[in-house]
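A single structure is presented below for examination.
Chain nomenclature is as follows: A, B, C, D and E, assigned in order of appearance, with residue numbering initiated at 1 for each chain independently.
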């Protein structure tokens, strides 16, 4: 089985001083500005040397704290933004070298799609559900005949269980679940090979979540897609994914089969993450509580572990030497000096 | 279409002020279209015996120094005034919002250039700039329109710049990019239409300003050419007669002007609601 | 528990919103009791009336909202009958509330220290000279590192978790008897979420406070609450101790909700969704507002008003055909 | 450190204004040359001959090429020389120094009036959205903006001076019986106070009331609307709910919390309103015989007095830049976040 | 305080210089010359039918000069300076001052030089101060205008010693100094001048060159809005109000509560200029047709509110008198106009821009509107152009490019030949009609210097006038009044040649 997507040493740095900062980056940036005045440009390492593969038909989960670079990574993969360095190979073609602005003309455009986190925000308020779903068909499949277009849109809508009478509605006239369906429909309209799901259900009620998850699983089987599933909710990742990668401050710190990550996490961070899931064994959980905030992603020390300071296992070594990769079995590895050893 | 009409009805009935404004707007339009055909007197015809007559049954709004019927002149002026307002606003709307959108979308040097242009215009005392333009180009209706359009341009450019800017990396735009749209198409079909509702408020406010601006120009003698009937120039000329007691010369055209500006101002919110699909129930 | 007086006692509360598009019957016949020292969870889908209940209890309902029936007693105070001035003193002193998305719930242009100070000063907990000192002491109680420096920080300079701690500090500054936490961890990272929830639990235990925890997440409620109230479309459908509710849910909605929540382990086939959405709360509604989504729906469900049935001690269900 | 940073922002703002000012200098230059009048003809007086006009053209440097003229103008400007106004025969700088305070004093008072009325109205409307107070406020302020300023001005003169006799004669900055106070700031009210002359202060103030209200009425609407909008938005934000839930007093919530947050968009509008007022001054000064910079501009424009028009526009532009700078400074004082986005 | 002997004047415009000889000096500045300065001679006054005093240019009165003698050949005029008269600073007024001042007037170029030339005063060599008391003018030819020309506002006497102190190599005539600071001997001294705002005069108690003024202080305020000026007068806040629309004067006059002067402005006509460069107007018949289509009566009533003297409806193409201005032999007669147009080949009419000076819009705009309307009746389509004040001079007088326009020229010296000199002669500045007629050139040149008593004078002038009547490049409508509105307690208004206020003769009765 060949890899559908192969990402090597992918990096994205933001030069600070520009606009559009948010969240933690802002905090640290402010802190930096007010404590030390040097004016040389600082780099925010949003994604810092990421390597992984996705095989055909596989679903890969991507978890990590807010601000760790998930969305940034995903935007590069989907060719919505350019990388600083590194390569993205999609179906044996280096798509990373095509500038994002020009990617809309590439044949791969239709094969790589995303569903965004907020189903409401990702719909154009002036477009009806029909328009939204029809858009990729018009642009990328060059469907211009009205009848054909309608037929295709209706077919896709049926595929995502979207009642056809809702096609004429504007986003604000749809419920959250329906909006999510429209988004998914738009993304799968051209039967992409890889579908990236950036927290597709986090804005939905539990009551709807299950349907959407089931729909995703069904679609995957029907269309033979691969998934890259980004989520905060480990329980969901566990349900949906074959493999999981865990990111922390722009880097992958652990990767392995889903079940193994959950039952036998290696990295202390993964461990903490899992124990923070509600509904776990209570006594055990509080042992792994993380205190404090992540370090700044601005010009991190390449020689130190980025988790140091919050890590229950951290020692001096972690500040002096970059963490090492340990791999108890071929498809599971973590990057840490002091991994959690299974009992 | 019927969807739109239904929505129109909703917007109008939802707020009584909008309804009033809407009704007045229709009246204005009607006056502009059929006004010249229905007025009781020739708005240009002077009459020595009828000069400076106070309002009466024959002359509802009185007559002016040359014995021209003020009512007829006011009604006939509607067309010109509305056209001045509409064309001035249309020009600044089109150019301003396009410039602003490009600046907001592409950022960088496009943004800087557009920013400097708007800053430069804004740094002029706007009315004086309008005066200067009209004085330099000559006082014709077109030049008044151009001057008004130029001084209003920065407002549109600024509003649409920010509106585009906040949307340019929003999820739905990214989604549209995924659907294979090029940058320009994204801007034109996805972002730009969404910036219209806030611009609509600006449009309606500006319609009022445009008329007032023309009136101000008239006051300092740079208004439209006589004997054309135009509210601003009628108020400006009539203002000189207030102290001598011929109040009707200024008051009635002033009321007409006020009514129009009023209508446009109040219409703004309704217009925004009308064009914003989110407000549709 | 039942031998003492409840701190918060809501009885048969009905609230409606008069909007342009019709009257929204947001709450109907809602009752709940919260005693000192217990953590009560309110769970339910979005729009089920959790926040409205809490806001009504605090007397800060949107002006469009009207209480049409019922009573609320908070620490002995009749909330619905009290004057605005009395309510103002009550808020922050007897009862406080924290909200979701802490970053926006704090005044963006005032230092966090001053915001806490405002509350302390308002309730005469500290005079101007000692305000800073008091604030810092309060900050310490929510385990904020380096509180002296944080005093002068603006919300945008702090992380979400830190802001939520500030919110908690602010809410607890005047040692209230009741704390209402309205989805305090939504939007926070899982790890932060756990830390915040631990903090809330520890503080309410320490201070023997009455605590109301509003959440979407059943498993979280199970983890942290003594008692759980399940709401659906403005109705309380079931209430009881966490244990009772989780081991034997009696209302079909509660059971469904539990099934819909992924809880680690199991496969996708084990989770189920709830058919349909919340009914439109405008216009005529059936006696049981869940009937439209309920698989057990039968004619009897539409027959008449619902009454809470005590199916086992302190476990109430609002259903004609409980499980 | 923090202050340093803000200073840098302010400095950055100033440098940003430079291209605008250069743009203004160029545009004004071109605009003045495009004016149809010929200053040489005007200057030559009533009985001019072809020859004397030509002489004057040479002496004014009007026979040189446009580029040369611009160069001369620009280099004079660089050395602080704004030229001499042909129509008044005085240096433009002198004229500006004399007239600018008159306009500014009036504009400031107008702004004060406008703020004093619009802000409370806006707040009242925002606290009771869609109530009759709100609608009334909307209609009242819209009415204010619906009339041309010169009309309002003349009408007020007619009503308050001519008919009712409660306003002083519209004779400019001071009634005939008063002497202007010794000039320190150029603001008669302030100078009179510095001089300890309460009577003159009162007289100067009373002369300003009608024109200031005339100017102010026109700007009520944008201010009140913006205040209402900004307050509504802030009042519906989460932190207000927090403040209310913490039992803070209504006044604290309204002013310390809501209003301060709403201040930012209001400030921006205030800046716009101010430059708008400076423009409208042109008309109001004419009605009230106010010897300000606006009436100077009209006269200059009408007689194609190049130096005067250029000087006027430049002064206004610089004023505008300073104004925006002031607003920026207030911004940074009010909002700690400002300056973090460049 | 002290308003009893203070005169409060409100006016639309104020002076822009204290030096009438300066380039670019505006009309309101001319009053400076009379109020702050003295000339050698002034004009005598005559009383008009309505009781208003008016200057009489035919009779001169001594001012700084006590007496003068014209040599029999008319080539030399010798002035004796008044004894004891001083400048404000106490320095005596001497012939040397006069010499310096006259030299200045003929040397500065521009307006003062041209005006001096009108009296054949052209070069410094013509002026000589024999001693402190004796000043001599030598003429190159006798000129009936020389003496009257000394009474106009231009040849004022500066305090030359004071002025010279402020002269520089670049500025030998101290123009910069005198522009701001008057250095005169006039009946009033300058108390303050706030350009664009007000001028305040106070009486010069040591004035010897005439009767001491009755008013001790004059405040002239600039009030741009005409209706405000009217309001100020009506409310009693102003004593004198200037430059109001004819309508206001008419109404105030009718109210009987105010004194309105109503002096016909000498040598002045409100007329319609037809530019011969505009093709149809090159044809005399077309010009006459236009003259027959002017709605004279209506204009006179509705634009001028009858504040003037009609200049239409003359009896015959040959003038009976040499009175000037006098009615032209035209009436409103559309049939005749149409006939003339047909004869000229313009029965279809034509289009023509009709321009007026925006500064005079008060009466010229309604005049244009009425004219436009009646031209329409004979098939001529006029479009009205408003031309801002400054551009007016360029467009109308220098470029002479306005096909049809409203003219309000008035000459200071009341002779038809003088008017012709400025307006009808080829290439003259005020000949905005581009009119040229060899006979007019000849007669004007001949009569200009001729004494009125010369037997050749009358026939020549009659001929000239009949050419004006027949050719009508200029269609007079009325002779305007100079109107000034005053409170009833103000007396002693005197109309001076420059049409500005001469404050010397005013008196104010306490009320």
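Please note the rule applied: a residue touches a chain if its C-beta (ideal position, glycine included) is under 8 Å from a C-beta of that chain, and two chains touch if they have at least 3 such contacts.
Just so we're clear, the structure is a prediction, and the values are computed from it rather than from any experiment.
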item	value
Shared chain contacts [chain B and chain E, defined touch]	D
Maximum centroid distance from chain C, chain identifier (CA atoms)	E
Chain pair showing more contacts of the two, C-D and B-D	B-D
Distance-maximising chain from chain A - centres being C-alpha averages	E
Gap in Å, rounded to a whole number, between the CA centres of chain D and chain B	23
Geometric centre distance via CA averages, chain C-chain A, whole Å	32
Cα-centroid distance, chain A relative to chain B, in whole angstrom	49
Separation of mean Cα positions, chain E and chain D [Å, integer]	40
Touching two or more other chains - residue numbers and ranges from chain C	156
Shared-contact residues (touching 2 or more other chains) in chain B	135, 221, 239, 242-243
Multi-partner residues of chain A (at least 2 other chains)	26, 30
Chain C contact footprint on chain D (complex, rising order)	237-239, 241-250, 252, 256-257, 260-261, 334-337
For the chain D and chain B complex, residues of the former touching the latter	17, 19-21, 23-24, 27-28, 31-32, 34-36, 135, 138-139, 142-143, 145-151, 154-155, 158, 162, 221-222, 275-276, 278-283, 286, 294, 297-298, 301-302, 309, 312-313, 316-317, 320-321
Sites on chain A touched by chain C in the complex	23-24, 26-27, 30-31, 65-66, 175-177, 205-211, 213-214, 217, 232-236, 238-240, 262, 272-273, 275-280, 282, 285-286, 289-293
Contact footprint of chain B on chain A as seen in their complex	20, 75, 78, 80, 101, 104-105, 109-110, 113-114, 116-118, 121-127, 132, 135-136, 139-140, 170, 172-173, 183, 186-187
Interface residues, chain E side, partner chain B - complex	225-228, 230-231, 234, 245, 247-248, 251, 297-298, 301-302, 358, 361-362, 365-366, 368-370, 372-373, 383-386, 388
